[in-house]
Structure formats: structure tokens, C-alpha cells
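Supplied in C-alpha cells, the structure appears directly below.
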Amino acid sequence: AEGTIRLVEQPGISYLPFHVIRDQGLLDRHGAAKGIEITSEWAQLSGGAATNDALLSGSVDIVAAGVGPLLTIWDRTRGAQNVRGIVAGAQFPFALVTNNPKVKSIADFGPDDRIAVPSVGVSVQARTLQFAAAKLWGAENFQKLDELTVSLPHPDATQALLSRSGTITAHFSNSPFQQLALADNGIHQVLDSFEVYGGPTTSIIIYTTEAFREKNPLTYAAFVDAYSEAAAWIAENPEAAADTYIRVTGSKLDRDLILSILSDDRFSFDPTPRNTEALAHFLHDVGALKNRPESWRDYFFETIHDRPGS
Amino acid sequence: MTVLSPKPLAEPVRTGPAVLSARDLTLVYRTEAGAHLAVDRVSLDLAEGERLVLLGPSGCGKSTILKAAAGFLKPAGGTIALRGRPVTGPGPDRIVVFQEFDQLLPWKTALDNVMFPLVRARNLPRTEARAQAEEALERVGLTRALHQYPHELSGGMKQRVAIARALAMRPEVLLMDEPFAALDALTRARLQADLLRVVEEARATLLFVTHSIEEAVLIGTRLHLLSAHPGRTLTTRDVAGLTPGTPAFTREAKVVHDLLFPQAEAADV
Amino acid sequence: MTVLSPKPLAEPVRTGPAVLSARDLTLVYRTEAGAHLAVDRVSLDLAEGERLVLLGPSGCGKSTILKAAAGFLKPAGGTIALRGRPVTGPGPDRIVVFQEFDQLLPWKTALDNVMFPLVRARNLPRTEARAQAEEALERVGLTRALHQYPHELSGGMKQRVAIARALAMRPEVLLMDEPFAALDALTRARLQADLLRVVEEARATLLFVTHSIEEAVLIGTRLHLLSAHPGRTLTTRDVAGLTPGTPAFTREAKVVHDLLFPQAEAADV
Amino acid sequence: MSDLPLLHSPSLLARVWENQIVRRLAVLSLLGLAWELAALWQNNPIMLPRLTTTLAALAEAVRDERLLGAAWVSLSVLLKGYGLALAIALALVALAAANRFARDALQTLTAMFNPLPAIALLPLALLWFGLNEQSLIFVLCHAVIWPFALAALQGFESVPETQRLVGRNYGLRGPTFVALILTPAALPSLLSGLKIGWAFAWRTLIAAELVFGVSSGTGGLGWFIFRNRNELYTDKVFAGLLVVILIGLIVELGVFRTIENRTVRRWGMLK
Amino acid sequence: MSDLPLLHSPSLLARVWENQIVRRLAVLSLLGLAWELAALWQNNPIMLPRLTTTLAALAEAVRDERLLGAAWVSLSVLLKGYGLALAIALALVALAAANRFARDALQTLTAMFNPLPAIALLPLALLWFGLNEQSLIFVLCHAVIWPFALAALQGFESVPETQRLVGRNYGLRGPTFVALILTPAALPSLLSGLKIGWAFAWRTLIAAELVFGVSSGTGGLGWFIFRNRNELYTDKVFAGLLVVILIGLIVELGVFRTIENRTVRRWGMLK
């Protein structure tokens, strides 16, 4: 009912606005402004699939996950739960890094190379790699690199890459793993998602079900306001934001590393989605989505339809 | 004045309605190889206070009959009834002493083994059960082994605990399968006397299996002789009131021996 | 000319060095409650071909002595030796027939149970082992039960399979713990005769436990009488060459009975 | 009154009911019905599809997505891992049966490693074997060895003393003793260990395929489930699970039951 | 020559070696040494940290990161789930021991559900119980019930016939029969089932905590491991695993061993 909200995040710096909301009590403040008292429950889940399960089972109200999971759940729940995005969560590049000095572009991967992605075929990293292949070799060859990819969670892949022990020679990574890897002298970047999609691209989206939005308009609005304020605050106070992250999550990561990520101008929490349509259309073209979204507005609620998204 | 014909010796003295009676009892085991006929149309009757001894060669079905009387086996043919009502299952009105050494519950000491049915089936309070169990164990000469677990007892000691457990229950019907086989002569004689006393006192009905013809004549009021596998009735003999050591006793034992083993006279013993 | 003193009857005829000999053998079980003295300084000697019978009340340590001779128990005191060398463990030179009914391997039929040690310890080829096993089972009267599993056998049948298994092995030393206790008189008499023949033929040495004094006098060349728990030597008696049924045999049985149970004369049997 | 085997001539219905297959089918039908009703009542097909939908998805997956091929990929890895694990476990347990220090060592190892989740071993597996089938087999071994060793050790230690003494009496020791006496005598426990090991091999394989994934192209059943879960094709997920269930049933009834009937039940060691 | 209990007076060294704790410590020391050597030889601290490093990390995590608190969170969920699972399993098995149809049903259920990975149940757990402890407990029950039921059923079915007949003879039936005869007679198998169930409860809990994460700040041991893995603190990951191992050892030696020594070993049912 109006006034309670259950939110889910995953571990990682991409969910910093949530941490700020919690740290500064922004939901309370914006709820009060709308005349309601908001009690919030926060949960952490370890991946997109679990997140979607939690949302669909009605265990949580608002979740944050990658663009891929959102597009999938939007596609599957059309006409039923009608899950759609509220705002864009974060945009940042994820990088394909390698410890094979010979690889300068994806064309240089040989048969002995192995590229780790979170899950072959379905993760956003895997899709991006297919997208890059399609751009390079033509649409019909989008699966050309698939036989080199293996599924491995980010931490394991980073470990394998850094330790040079496994058969892994490349990793389509994520923050902060790519920063950790790139800090190693023998590891370099092959490409990143911004290059593939041709500019800054949204990676994380905050989404919910139609029912929650309709039954709790005030709470929903309070959340949007809180989120926007948090995003703006981070952009203005990267140092304080880094401290917030360390304080809220108890992270042991190096503060300088966090700060360097936050002050990287490719890293932003702008609520406006960018460059998501390209991925959506690609997913439809390869058959992963049954419905073809005409524009990004199809898979976002009206909340931010007035913005210049893409 | 009419002349009374002398009572035939083989006819038992019936003192009341049959406590346990079997009519054409046929018992069959179901095995891999098919049906295995163990007992073939055996009839027997036990009146109250009567002591019937089953005698027969190894494997002839004595234990099987006992198990049917206890309610563990369903007849494939014929009937078996307790006070006129068909036996439908086991129960504490018929206490069994099994032939096997593993009939004690290994997780209970000798004392606890004897107390167990007193508490569980007779519903005695623990202190009373304990007193009775101690007395029963004393009578079988195991006062010093009260707190030993079965795996720490010798073969004969285990059987004595089982006997004590059964006697302490003072059941209406007592079914005993070679209870004294593992005992030395002295212990055996003592326990035979003890058994007779308990059975007499409680007016219990006893179905008893043994391989010793002397024991059979001593214990039984009647003998039921079985042929070799599958068990069929050879004959029955009334042996009530024979005193061991008397010529009548010895003669009866000899008769029974010859009935059981007609060909044995040619053998070396 | 010197006058030869008559040979004392109790002194056994030694025909060679001791096959099995115990000196002050003391056997102790370790239990929860502490050490449990089962056998106290017993000495015995078995010459080749000799048949020593252990007699004593239930729980006096007969089985324990047998297990020590088999090599399952280490003496807490004294020594036990086989042809002069201390027993250090079990082996197929001393085949044991246990007192328990569960000594057959439940996953083998009667036939396979008898064949097993022939193949595994005697290293006979399977066909020969089978022939010998079948013969042994025939001798104990189990021709029709060759392919039955132990759980489908009666108590006495199980013991007969165990006896057949031991006899088929023709071991130098045979250790038997009340092997005939569960058998009827006829089968028992046959198997006693059979045992004596096999032991004689193979010049085997036999250590035998029984509760039957007649059986002891019949089987043994010498008896070893034990006191009640803990087992101590009462006396030994030379009983070689006594023929059952003769007055000498009956007299010896009476003497042994009185030695074992001095107080029994007052008892009712 | 059925404590011992006995012969009787029951009614036709009772005789049909005697047949284990019939009773099992009854159980399965009840379960299917329960599923269908639960799904109808829940009415949330993306979380709990109906049985009928799932069966349709199963047929489709078999036809179009090589589901059986995926099942075979998993099954072959599973069999390799299971076989290897059993060999290792038997060797360890045989050693433990013969030597007290080995027994202590095995018990300690089991107490330590049994509670460790497979996921904890993945990095090490990667380090030692690389990203391939061998790593999966390593993880499978971990899933099977410890529970099987526990059950086997309990079985060996429960062998009736007389049977142990009989074996020793014939001079059997070491491996021969274990093979000829302890193993058949402990077969009921060994079989229950085998069943538990088999089940946990499946659980672990499916879970490991999820985390570990595959080198693309040759995905197994776990991968099939994972991919469809990520894409929210819940009916296909349930179809994959149904395959796991079916294989479980076939193995239980076809293999373990048969072994049991021919051995321990025939020998009277299991009621 | 130690087939039966016997008394002897061994040398001092042998007497020290008699002590099980001493032998276990020897095993542990050997394992620790093996780990240290493997880590030194591998020289790849990001994949396999040294034992000493791990111990330091453990101390630090206990001091600064409430590792013990996290362990307690997990342990308390574990105990709840384990206890509930045992209660359910015992009820099922008791029913199965008394009734043939129930036995068939239980065996079928076990064959079907035992191979299912916990992860397959998470969505259903979420659907039915929501994102909370109850879901974890549901998944734990799944991990424990089936293997325990298998072991218990095998134990019940292996009870020697004579003992079963003795119980029946005293008129015991149904729950009393199960409680007073079958349960103690099958205790060795039940204990091995308890141990296996305990281990798999841990495995499943750790794995489930990874997927499930935390709600409201109270992460358990699995989450601790997951978080540190995400931040590539391998030494902390191993410290977390070490806690799992230590708890496993304590429970095995402190609880299961003690029960075994006071019951089945004392009763001569386990060698």
C-alpha cells in the first residue's frame, strides 16, 4: 500500500544513488513533501535473474538491474504485469580487456583465446560483443565470436585474468573489475561499450511493475524525486559520494579507485536513458525479444517521456 | 452297572475351551523360487494351562508354526484361532521367546530389556517393572550382568535374558522356541523347573519347541510330533504327570524317540 | 625286571608336540564399566589328532577361549601358541564354527557359503569346490536347500551349513562352538559320527565346546572342565575310547556331571 | 499382519495394487494434479507455469532446441564425475576400513569438506584444471565423495561382528576383506550412499553449469535452464527441470531398484 | 589382531596415539602443511592465498567485519531449517515405515526431488514466501529432507527381522513402534543421514545466500564470502570458508561423535 516501498539493488558502485538515498533519508524527505510517511526496506540480490524473480513474485517493488534484464522482463510481461523502466540508473562503459598483447581489436582474437562474459549469449556483455561482431563482419555474422566466449562471473574472470592461470585471455568486464584489471601492467583494453553503441550508453535501469505505479502514485513520485536528487548530488559531490559508498556498503575497495571511477566523466547517473534503443532493436533482430519497441518510451513509464532519451 | 472303558492314553485331558487351536494349518513362504510349503495341514489344540511341545527334525516347520501362533504369519490354508477368534496379528497376550540370539534389543542393557515389555505392554510403573525385572534376572542367574549390553553377553546369557523377559511378563500364552538350547545342564534344569512353576502359577498355556526328547517329556503335558519337511503331524502323545527318572518317563522317552526316528535303530547311536 | 606302574587314566596320551597350547591364558574384555575378566589363567594342550572338549556353565568363557585360539583376541596375560609359535591373528589353518546363527554370509546361498572358503582360502578351482561343497551339504542333509539364502533357512539348517562349511575345509585345527545345539537327536547323532570320521581321517585337532556331557564324552579324547565366571580350570579328564551305551561311558558322564555341578545332587534333576 | 513373507490370494484390485509400478504411477498422477491445481490457483505463469504448458514447452524444446542433446551432454559429464568420485571414495573408505589413522583422516576430511559449497571450489578448480570439463568433474567429485564416504563408512562399521570374524577366519585382509566381506555386508548403506551421491551429483552439476557456464555451443541441461531463466522462459525452465526429474525417476526405478531387488532384498538384508 | 575389544598395556607413544583428538590434530596439521606448501608452490595469492595470510585475514575479519556475527546469522537460519527439515523428514519416514503406499510415495518423491538443485526452487520460494528467511528455510528443507529420508528409510528397512518381530510381539505399532524399535535399531543410518543432511544444509545455505543476498543489513556467511569475492579479497573468501570448515569440525567432533560414542558404539552397533 501507499507509503511502503521495498527496493532491490545488486552489489557494486553502479547502485550508488540507492546508497545516497538511504544515507541521506531522501525517501522520507520527499515522502513528507507529498504528505505521506514512507517506510522502506532494502534488499541486496546477486544478479539480474534473481532480481527479476523477486519483482515478479511480488516480493519487492522497485528494482535496479541491467538494460538486458529490463528488456527481457518488459518483453515477457507485456499485457500482464507490464514491467517498465522508471528512470535510467547509471551510464558507464564496460570494457573488453585482455592479457593477450597481440589482441588490439576483436578481429585479432585467435582460436586459443577465451573471452569471459557473465553468461554466454544472454548477458549484456555477451550481447554487446555480438553487436560489435555484427558491426565488424555484418549482421549475419553476429555470433562469430560466440565460440570463444565462456561464462564466468566477473570476480572469477578477473581473478583468472590477473593470475594468468586459467585459459581465460579476455574478459568483457564491468566496474570496478575492469579498473582492477587495467591496473595490471599486462592487461589492456580492446574496446568498450561506448565505442560499440557509438556514445554514452545507459547500463542500469530502475524499474517496477505497472501495478505498483498505479496503486502507489505518491510513493512512486517520491521515489523518482529522491532518485533524481541523489543522482544530481553525486554528480556535484564525487568525493562525498565516494565516502558514502564506502560507509554504506562497508566496501574495502581503495577510495582513490572509487573516486577515479566517479570522477570519470563517462560515468554518470543521469536519469535520462541513452543509446538503449540500439541494443533493444538488436535483441529483437536476433530473436531475443518477441516485441520490437518503436522507441525507448515503450519500455519506460511516462515519468521521463519528456526527456530527450534514446 | 456299566463297565467303563479305560481312558486311552493318547487322548489329552481337556480342562476347558481351547486357548489356541489350529485346524489344517498350512503355512507357505513366498520365495524367489516360488512357494515354499513349510507346514502342511497341521491341527492342534491347547486348552488353558496345557503345555504342548512340538518335536520334529530340523527344518520341519516348528518355528514357523510358532510364528503363525504369534500372529507373524498368515495361514495359506486352514485356520489358527485364539480362544475361538482367528489370530489376526501379534500381541502381548502371546509372548514369544525366539530361537535367534539377536532377539534382545541391542540398545538396552539386560535389565532394560526385561523391563521394556513390562513398561510398554503391561503398563507397569518403572519402579515396579524394575523390581520384577531384577527378580526375573536373578532367577536366571544374571544378577551380576544387569547393566551389561547384549553384545557383552555370552550366547547362553542372551538366551537367559530373553527367557527372563518372557517369564516376567506372565503372559496367558507363552510361545518358546528352543529357549534352553544354549544352556548347560544345571542351568537348564533350574530353568525348566522355574518355567514349570511360573506356568503353573499363572495357569499359562505353553507352546514349546525343543530338540531334546527328555526335555519334551518333562515340560509337556502333551507332545506333538512332526514329520520332516514339510511338517505334517506324525502323532500326538499325552505325557502329563511323568516324573523324570521313573521307568515310565524313560519308557515314554524311548517310545517318542522311536516314533520320531523309526530308522534310527539301525544307525550307530 | 622292573615293574611298570599302571598308566594313570587322567594323563592323556601324547602322540606328538602340542598343536595348540595355552599357558596361563588370561582373557579380559575392555568395557565401558572397566576391564571384564572372562578367562583366568587357563592352560591347555592339544596334541595332533587330539579332541579337547571345553565344558562349563553358561558365561564361563568357553567361546572366549575359542576366539583367542582363533586369533581374534589377544591374551591379557599368559600365552597361546600354535605349534610352538604365538598366535598373532586369525587364519584358515584354524576354521571356526561360531555359536551364533548369523555366521553365514547372507548374500550367498547355502552352496556358495560352503564354496566360499574353499575357493578363497584353499584356492580350489570352482568346479572342484562346488563338488566338495555339494558333498558336504549332502552329508548334513541339505541337498534340497543348496540354493536357498540363509534368511530362508531354519535355525538348525543354518548351523548345519556352517558345519558343512567347516568340515569341507578339512582344516588342521577345527574350533567348534556348540555346533549341534540347534539340532534334533537324529541329525545330531549323524553329524557327531560324521565329525569324528572327518577329524580322524584328516588327523585334525579339534577344540570343541558343548553343553551336553554325553556329547562331550562321546566327541572328546579329553575334557577340560571350567568353573563358572570367570573361567578357571576345574580339572581335565581323559575320556578317549569310551563307547556310548557302555557302563564305562555312563559312569564317566555321571562323574563329569558331579564334578561340574557338585551341588546339583540336591537339586530336582 | 505382513511382517514376514506370506502367500495369500487377494482380490483383483488388491493384486493390481500389489504392483509397485501401479502404485508409483498413482503417486505421479497425484503430483501432476497437485502441480496443475497449484499453478491454476497461483495464476502467475511467468513464475509457475501449468503442467500442460510445461509439457508443451518440453515437446518444443526437444524438437527445436536439442534439449535431449543438452541432457546427454550433462549426463555424460555426470557419469564421468560420478564414476571417478565413486572410485576415489571407495579407495578412501577401503583404506579407512583397514587402518585407524586413515579412518580418522577420512572422518576429519569429510567433516571439513562436506559442508563446503561447490561454488567455493570453483576458483581452485579453475586454477588447477582450467575452464573445461575437468573442472566440472572436480566439483562433481567433491559433491559425491564425502556423502558417499560417510554412508559407506557407516555401512562398513555396522557389519555384524560374526560376519567380520568369519571373513578374518578365512585369512581375508586388506582389499580382499573389504571386497568380499565388508562391501556385500554393507550393501544397503552403500546403495543409500550411491543414491544420495547420484542426487547431489545432479544438483551440483546443474548449479555448476549455471555458474561455470560452458564453452559456448556445448551447453548442458543446467545451461539450458539458466539461459531460459535469464530470458524468463519459465515454462522451458520447468521443462528442463522435468527432464532432471524424469532421469532421476528412471535411474531410481531402472537402476537402483533393480540392483536392490536382485541383491539386498533377495538376500533378506532389506525388508 | 584387533577384531574384538581387548586389553593391553601399550607404550607411551602408542597410548598417546590411542587418543582420537591427538590423531585428529595430526590430520589437521598435515592438511595445514599441505595447504601452505600448495600455496607457496602455486605462488598465486589471488587464486590461492597462503594459510598464514588466510589466518591473518580471518583475525581481521573477526575484529573489523563482524564475521562471527555473520556466521551466527547463517548458523541460526541453518539450525531452524535443519530442525524443521528433520521434523518433516522423520514424520514422512515414520509414515513410510508404517504404510506401503506412503513408502512408495516417499521413494518416488525422493527420486524426483532429490536431484533438483536448490536454485531451481528459489523462484518458487520467492513466490510462496517472499524475500526473507522463510525462503531460505524452504530451500534448506529441500536440501536436508530427501537425503535424510533416504538414509533413514534404508536404516529402517535394514532393521534385523527378529528385533522387528520382538517389537510387534509387545503390541507396538505405528509411531510407538517407530520410536521405540525402528529408530534406535536404525540409529547408525540415521546418524549418517544426519551428518549428510547437516553438510548439505551448509552447502545450500551458503549458495542460497549468494543468490538471495540480504534484506535489512543482516548478511550471513555466504554473503560475506560473496562480497569479498566481488572485491577480489581472496584471503577473506578463504577466511569465510575456514569458518565453515571450523564449524563443521566442531559439530562433527562435539556433537555427532559424542552422540555416536554414547549410543551406537556403546551398544556395539558400530565397530
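Just so it is clear, A, B, C, D and E label the chains in written order, and each chain counts residues from 1 on its own.
Quick note on the criterion: contacts are C-beta pairs under 8 Å (C-beta built on N, C-alpha and C of every residue); 3 or more make two chains touch, one makes a residue touch a chain.
What you are looking at is a predicted structure, and each value in this text was computed from that prediction instead of being measured.
Engineer: Going by the stated contact rule, which chains contact subunit A and subunit D alike?
Structural biologist: Of all the chains present, those in contact with both subunit A and subunit D are E.
Engineer: Give the chain pair that accounts for the most C-beta pairs in contact.
Structural biologist: D-E
Engineer: How many angstrom lie between the CA centroids of subunit C and subunit E, rounded to a whole number?
Structural biologist: 48
Engineer: Please tell me the distance, in whole Å, between the geometric centres of subunit B and subunit C computed from their C-alpha atoms.
Structural biologist: Distance between chain centres, rounded to whole Å: 28 Å.
Engineer: How many angstrom lie between the CA centroids of subunit A and subunit C, rounded to a whole number?
Structural biologist: 84
Engineer: Residue numbers in subunit B touching 2 or more other chains?
Structural biologist: Residue numbers touching two or more other chains: 29, 31, 67, 71-72, 89-90, 100, 102, 151-152.
Engineer: Specify, in ascending order, the residues of subunit D that touch 2 or more different other chains.
Structural biologist: Only 3-4, 44, 47, 123, 126-127, 161, 165, 168, 229, 266, 268-269 qualify.
Engineer: Find every residue in subunit A that makes contact with two or more other chains and list them.
Structural biologist: 53, 57, 156, 159-160, 163, 165
Engineer: Spell out the part of subunit A that touches subunit D in their complex, as residue ranges.
Structural biologist: 48-49, 52-53, 56-57, 69, 72-73, 76-77, 80-81, 114, 119-123, 146-153, 156, 159-160, 163, 165-168, 288
Engineer: Touching residues of subunit E toward subunit B in the complex: what are they?
Structural biologist: 160, 162-163, 165-166, 168-172, 176, 180-181, 184-185, 187, 263, 266-269
Engineer: Per the contact definition, I'd like the list of subunit B residues that touch subunit C in the complex.
Structural biologist: These residues of subunit B touch subunit C: 29, 31, 33, 36, 55-59, 61, 63, 99-102, 141, 144-145, 147-148, 152-157, 160, 178, 181-190, 192-193, 211-213, 229, 244, 257, 260-261, 264, 267-269.
Engineer: Considering the complex alone, what residue numbers of subunit A touch subunit E?
Structural biologist: Touching subunit E: residues 6, 8, 10-12, 41-47, 50, 53-54, 57-60, 154-156, 158-160, 162-163, 165, 177, 180, 250-253 of subunit A.
Engineer: Mind pulling up the subunit E residues that touch subunit D in the complex?
Structural biologist: Going through subunit E, the ones touching subunit D are 3-4, 20, 23-24, 26-28, 30-31, 42, 44, 47-48, 100-101, 104-105, 107-120, 123-124, 126-127, 146-147, 150-151, 153-154, 157-159, 161, 164-165, 168, 188-189, 191-192, 195-196, 198-200, 202-204, 206-207, 210, 222, 225, 234, 237, 241, 244-245, 247-249, 251-253, 268-271.
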